[in-house]
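Each chain carries a letter (A, B, C and D) given by its place in the written order, and its residues are counted from 1.
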Amino acid sequence: MSSTWGEKIKISIFGESHGAAIGVVLDGLPAGEELDFDAIALQMSRRAPGKDATATPRKESDLPNIVSGVLNGRTTGAPLCALMENTNTKSGDYENLKRIPRPGHADYPAYLRYGGFNDVRGGGHFSGRLTAPLVFAGAVCRQILQRRGIRIGSHVYSVSDCKDTPFSPSDIPEDLLQKLSSVPFPVINRDAEQAMRDTIEKARMAQDSVGGVIECALTGVPAGIGGPLFGGIEPVFSSILFGIPAVKGVEFGAGFGAAELYGSENNDAYYYEDGTVKTRTNNAGGILGGITTGMPIVFRAAFKPTPSIAREQDSIDLTAKTDAKLHVHGRHDPCIVSRAAPVVEAAAAIALINLMNL
Amino acid sequence: MSSTWGEKIKISIFGESHGAAIGVVLDGLPAGEELDFDAIALQMSRRAPGKDATATPRKESDLPNIVSGVLNGRTTGAPLCALMENTNTKSGDYENLKRIPRPGHADYPAYLRYGGFNDVRGGGHFSGRLTAPLVFAGAVCRQILQRRGIRIGSHVYSVSDCKDTPFSPSDIPEDLLQKLSSVPFPVINRDAEQAMRDTIEKARMAQDSVGGVIECALTGVPAGIGGPLFGGIEPVFSSILFGIPAVKGVEFGAGFGAAELYGSENNDAYYYEDGTVKTRTNNAGGILGGITTGMPIVFRAAFKPTPSIAREQDSIDLTAKTDAKLHVHGRHDPCIVSRAAPVVEAAAAIALINLMNL
Amino acid sequence: MSSTWGEKIKISIFGESHGAAIGVVLDGLPAGEELDFDAIALQMSRRAPGKDATATPRKESDLPNIVSGVLNGRTTGAPLCALMENTNTKSGDYENLKRIPRPGHADYPAYLRYGGFNDVRGGGHFSGRLTAPLVFAGAVCRQILQRRGIRIGSHVYSVSDCKDTPFSPSDIPEDLLQKLSSVPFPVINRDAEQAMRDTIEKARMAQDSVGGVIECALTGVPAGIGGPLFGGIEPVFSSILFGIPAVKGVEFGAGFGAAELYGSENNDAYYYEDGTVKTRTNNAGGILGGITTGMPIVFRAAFKPTPSIAREQDSIDLTAKTDAKLHVHGRHDPCIVSRAAPVVEAAAAIALINLMNL
Amino acid sequence: MSSTWGEKIKISIFGESHGAAIGVVLDGLPAGEELDFDAIALQMSRRAPGKDATATPRKESDLPNIVSGVLNGRTTGAPLCALMENTNTKSGDYENLKRIPRPGHADYPAYLRYGGFNDVRGGGHFSGRLTAPLVFAGAVCRQILQRRGIRIGSHVYSVSDCKDTPFSPSDIPEDLLQKLSSVPFPVINRDAEQAMRDTIEKARMAQDSVGGVIECALTGVPAGIGGPLFGGIEPVFSSILFGIPAVKGVEFGAGFGAAELYGSENNDAYYYEDGTVKTRTNNAGGILGGITTGMPIVFRAAFKPTPSIAREQDSIDLTAKTDAKLHVHGRHDPCIVSRAAPVVEAAAAIALINLMNL
C-alpha cells in the first residue's frame, strides 16, 4: 500500500513537488523489451502543464532520467528507476498552509496523518506532479502491451456539463485510440472540445475551476484475463485509478447507468462474427465475473474540480483554533481533466500488465 | 489477489455455490475481541435469500460454523475460519452452461480462464453466494470497529429510477446507521421503499430484473487514516467493493457529480464547531488526499441488474460455434440490491480495519 | 504475513490443536490438475504421529476433507480448502501453561503477544499439528510439479550426532527421491537409521528428546528460476521453511560449510555433458544469484529437540512472579525429525511452485 | 518479491553496478524521525571497499544523495529515495562473461533468466554493490529502532576456520554492540582478528578467497514481537538475510548446533531477575514460536567465499558449447565477510522494524 502498487510489476513512486526530484521504480519488467523514448516523451508531454492545443511533444524539465534497468535501449529485467528533476520550484510561504488548510486539499488530513512533518510545499507528495512518474511507468508498460496487440486510448468524456461523444459500444477502431492517445486534449467530437474549452475559460475568468470525466478503452485484450472476487479487472484497475489525485468515481461499462437498466437491457447478447465471440452491446465494459470477455475494456474516471482556486474561501486557523478566510495565490489550472487523460491511460496499462502472463 | 484480500487483516474466501461448503479465513485479527454472535447472525440474515420485509433474524443454513480462532467467545489472535454449509443445492443440467453461456454472467470468460475445469453449478466460485463469507468477515470486523466508536450503515439509494433520500451531508446520526444496518431493506424514506418494491415486482412479473445503488456511510472514523496515492481510502475501499459480484461503479462523496461542479461549489469549507474541525458540505465523502478528514466517509456502489432472467435471450453455442437461444430456468432474484446492503457494509468494515492501527 | 504465505499460490493455514478442525486454503492453483488422493494420503501419513518402521499409509483422522476447489478429481482454479478434524483432543488443565510456561515452547511469548487470549490447549495455533495442512498443501503442489518433471525428496541427515550419508553432489537419482519421499523414516544408509533409532530410544528412556537435520533435494528444476535479492530461491524457500515450528537453521548447498572453504574449492566448475551444462560439484545447492542453475536444489533444515520433555524443568510462575518447577505430563515424541521430512518436502514444493510460471 | 521487500516499511532496491546510479526507496517510514547523517555515513563507510583497519568514516562516492522523503533533517512520512552514483566504473570486455560464465557467479543462470539482456558489467544488479542501498535503508531503520531502545551489532564470527569468541548467551552489553557496529572489522577477541587477517592475506597471495560467518545480536527488543508460522521472526529475518548476495546459511540461537542437543540441554530455563523474565541460556536466540522472548535476538549468516578469484578456473563456452578455461582479471576482495557485517545489521534492522507497531 501507500505509494507502492502491483504484484507482478511493482511500481514504487517517490518524491515531493518541491523536493530535489520525483521518480518511480518499476520492479518485475520482462527483460529485452525495447523502449521507444519518443513515445515516452510524448506521454510525459501530454501530462505536462502549460501545454495546449498542440500535439508536438517538446522537451521539458520532467523528461525522465533513466537511472537503471535499461541497457542499449532495452529493459534488462532489473528494476527500472527513472527520475524527473524538480525545477522552477519557488517555495513561498508554505508554512501558512499548515495553519490555514486549503479546502478540498490534503493539507488538513495530511497534517494530522504526519504530525505536521510532511512537506507541504507545492502539495508535497500529494501534488498532482506525482502523476508524472505514473505516466512514465505507464508509458513503459503500454509499449510492452502494444507489442502484444493491446491498444489504450482515452478521451475527455465531459467537462462540467459539456459532453463528448462516448466510445461506440460495438466498434472502437485502433487508429482512433492511436490518435486520441497522442494529443493533449483528446476528444472524439471536435465540437465538444470547443464547448469544453469555453467552459474552462469561463471558470478561469471567474477565478474558479471545473471537473470532468475521462473515458478510457483498451482493445485487443485477450478474453480470459482476470479472476473472481478481488483478483478481477475492476478491483485491480480501480485500486490504481483511485490512487490518481482528484479521482472520486470509477465505473466500468454502463457503470452507474447499469443500475437504472433492466436485466434484459443490460445483458450483452453474444453472437459469432467470423468465428469470433462478440457481444452486440458492451454494457459489461468487456468484463464479466472480473474476467475479460474479449470485447474492449471501457471505463470512466471522474475528476473533481481542482481545489486550488483564486477566490477567497472559508477555512480555519489551526493555530488560533478559529474560523479564517483563505486566499490562495499563484496560477492554477482551471481544469486538469485533459492532462489527466494520459495519467488514466498509464494507470490502465500498469493495471492490465499486472494481470497478464507475459 | 484473486480471492484473498488485505494486508493487516487478510481474508481468504473459498467455496463454490454447489460444493460442500463456502467459507472464509481471517488472518491478523486482534486477540481478545468478544464476538456478538447474534449480531453476526443478523448480518448473515440480511444477506440471505428469501427474506423480506421482516427484520427478524431467523436461523438458517448459512449460519456460520466457526472452526478456529475463537475461544470462550473471544478471538484468540490465530486465524479465524468460518464455514457455511451448502444445502438445498439441486444441481441440474449445468453442462449446458458450458455450451450456451448466459449473457451477463461469468460463464464464457470463466470457461476460457479455467479451460473448462471450473465448477459451473450455481455459478461456482462466481456465485453471489460467495458474499456470505464476506458478510461474515465484515460482521466480525464491524464489531471491532464499533467498539472503537465507528458506526457503519447503508441504504438502498436507488432501484432503477426510484431514489431514496440521500444521506445528509451535515449530519448522519448514529441511530440512523444503527437502524439501517439491522433491517433487510434499508431506506431512509419509507415512500421510496414502496416505489422500489413496486418496480421490483413489475420486473419480476416481466421475467426481468433491475439494478440499483447502495449508499454507505461510516461515522466516528478518526481524521488522519489512510495515505496518498495507492494507500488512500478510495483505492483500498474500491479494491474490495469492486470484488463484490455485480458492482460496476464506485464513487466517494459527490463522486461523478463532482465532475459537474465548480471548484467553488465542490470544495468543502472548514469551520470549527465546539472545537472540532468540520466541513459544511461533504462533497469529499470524508476523504482528502486519500486520508480521512473526520467527517463521515460516504460512498456509493452501483449494482447491475441480476443477469439471470427468465425470458429468452440471444447467446451462442460454443460447441456448434453458432448463435443460439438461451432460456434460463429456475427462480431468480429480480433485484439483489437490498440484499447487497450488508455486503457493502461488510466490505467497508474490512477495508477500514485494514487501514487502522488497532 | 502470519499464517498466510505466497504470492502466485497463496496458502492460508488455520486452526488450533484442540479446536474443531485445522486446515488450509490454497488460492491460485492452476485449473484442471488431476489430484492423486492416495499420494496425498501417503504424505499425510508420513507426518502423522504414532507411525513407525512401516511405510503402509493407513487411514487416519487427519485425512483431509476437501471443501472446495476440486470437482471430478481435478482442481477448478477456485480456492481449494481442506479441513482436518481434531479428534482425541483431551484438553486437561491447560490453564497451568499460562501460569508456568514450558521452556522452549511458545507459551510465554504467545501469552504476551496475545494478551493471554490465545488458545493454549495442545499448543493451540503454535502446535506442530499445524504442519498437517502444510503437508496437504505441499502434496497438492508436489503433484503439479511432478507432472512437469520435478521430483522432491528428503532424508534424515542427522539425529543428534548420528549422521546419514549426504546426497551425492553429482547424482541424485529420481528413484532415490521417489523412495525416500514415500517412507516414514527416510535415510540413504540403513545403518545410520539404526543408530538414529537407538539414540532416540535412549532419549525417550531418559525422559528427554533429540533434534536433527533434514536434507532435501529437488531434481528436474529448470535452470533460470528465481531472481536477485529478495526474489531468489534462498529467501523464498527460507521464508516458508523457517515457518515450520522447531526449525532454527537453514542452509543451501555447502551452506555453513562454504564459509570454511576457499573460493577455489567452493566454486562449482562448469562442464558440458551430452550438450547439457552441469557442474562437477554442487556447493551452490543448485542456486547462483538466487537463480536455479539446473543442478539439483539441495538444502538442509535444522530442527531443535522437542521442547516437551517429561523430566522436571526450571520455569517461572507468572502469577506469583517467582521461580517455579515444571513437570510436563503426557506422552511426547522424543524426536520429531523423521516426521518433519514430509513437512520440509511440502514447504519446498510450495516455495518452488510460487517461483515458476505454470 | 524480486528487489522489493517488506510490508509495513517497503524497500525497493534498484541499480546496476556499472549503471548511472544505484539506490533505494523506503515507503512507509514514520514521519518526524530525525536522521543522523553521520551515523548513516558511518555505516556506508563500513561497507565500502578499500577500507581497512581504520574506523574513521571517510567521505566517498557512495555517500547517499537523498532525493525525497526528508525535510529539515526529518522524515516526512512520504517515500524516502536515496541515490548513490556509480563512479570509477571501467567496463572492460564484459561480453566475454556472457560467453564464458564465471563459476560461482550468477552469470550463467542470469543469462538464462533474462535471455541475455541483463547488464553483466560488474555483475549488474547481482553485484555486491547493491548492498550499499540496503545498508543505507538499514541505517535509517536502525536509528528509529535505537530511539526505542533497540541496539544492533554484529561481529566476524569466523573467517575460514578462524573463530572469534561468540556472543555471551547471558549478557550482551549495549556498549559492546555500539562499538562493534561502528568499526570496519568488528571482532570481540582481537587475537581472532589477527588470525583472520592472516588467513585472508594468505588467500590473497594464493589468488584465492575465503568465506566466513557473521554473528549478529539485537538487544532491547520487547518480548511479544512476531507471530506463528510465516509471520515469525525467523522467516521474516531469513527472507531478507538470504537476499544478501553470498549468504548460503542462516541460523538462530543454537541453530544447527541445536540439532545435536538433547531437549534438556536446549530448553532455556526461565527465571526472574529483578522482576524481569529471563532465560539462563539463550539457545532460542531470543525467539520461541516465532515471537521474541525479551532475550537478545541472536543469529548467524554464512557467507561463501567470493567467487571472483584470479586463478584459472574450469568453465564452459556457451557459444561454442565446449568446455573452456576462464581467467578473471581485475582486483577482487579476497574476503568480503567484514564488509558484510553492516549489511547483516542493516537487514536485521529492516526486518525488525517491519514486525513492530511503531
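Going forward, a residue touches a chain if its C-beta (ideal position, glycine included) is under 8 Å from a C-beta of that chain, and two chains touch if they have at least 3 such contacts.
These figures come from a predicted structure and were not determined experimentally.
Participant: Could you tell me which chains make contact with subunit B and subunit C both?
Facilitator: A, D
Participant: Averaging each chain's C-alpha atoms to get its centre, pick out the one most distant from subunit C.
Facilitator: A
Participant: Tell me which has more C-beta contacts between its two chains, B-D or A-D.
Facilitator: More C-beta contacts join the chains of A-D.
Participant: Centre to centre, by mean C-alpha position, how many angstrom separate subunit B and subunit D?
Facilitator: 46
Participant: Quick one: report the Å distance separating subunit A from subunit B, using the average Cα coordinate of each chain.
Facilitator: 26
Participant: Counting in whole Å, what is the centre-to-centre distance of subunit A and subunit D, each centre being its mean C-alpha position?
Facilitator: The separation of the two C-alpha centroids amounts to 39 Å.
Participant: Which subunit D residues reach two or more other chains?
Facilitator: Expected reply: 2-4, 7, 13, 78, 113, 125, 228.
Participant: Which stretch or stretches of subunit A touch subunit C in the complex?
Facilitator: Listed in rising order, the residues are 7, 78, 228, 357.
Participant: Can you check the complex and tell me which residues of subunit C touch subunit B?
Facilitator: 2-4, 10, 12-16, 19-23, 25, 27-28, 31-32, 65-69, 71, 74-81, 83, 113-119, 124-125
Participant: Under the touch definition given earlier, write down the residues of subunit D that touch subunit C in their complex.
Facilitator: Those in contact with subunit C are residues 1-5, 7, 13, 101, 103-110, 112-113, 125-126, 130, 158, 160-161, 203, 206, 208-213, 223-232, 234-236, 238-243, 245, 247-256, 258-272, 275, 277, 279-280, 283-285, 287-294, 300, 302-309, 311, 313-316, 318, 321-323.
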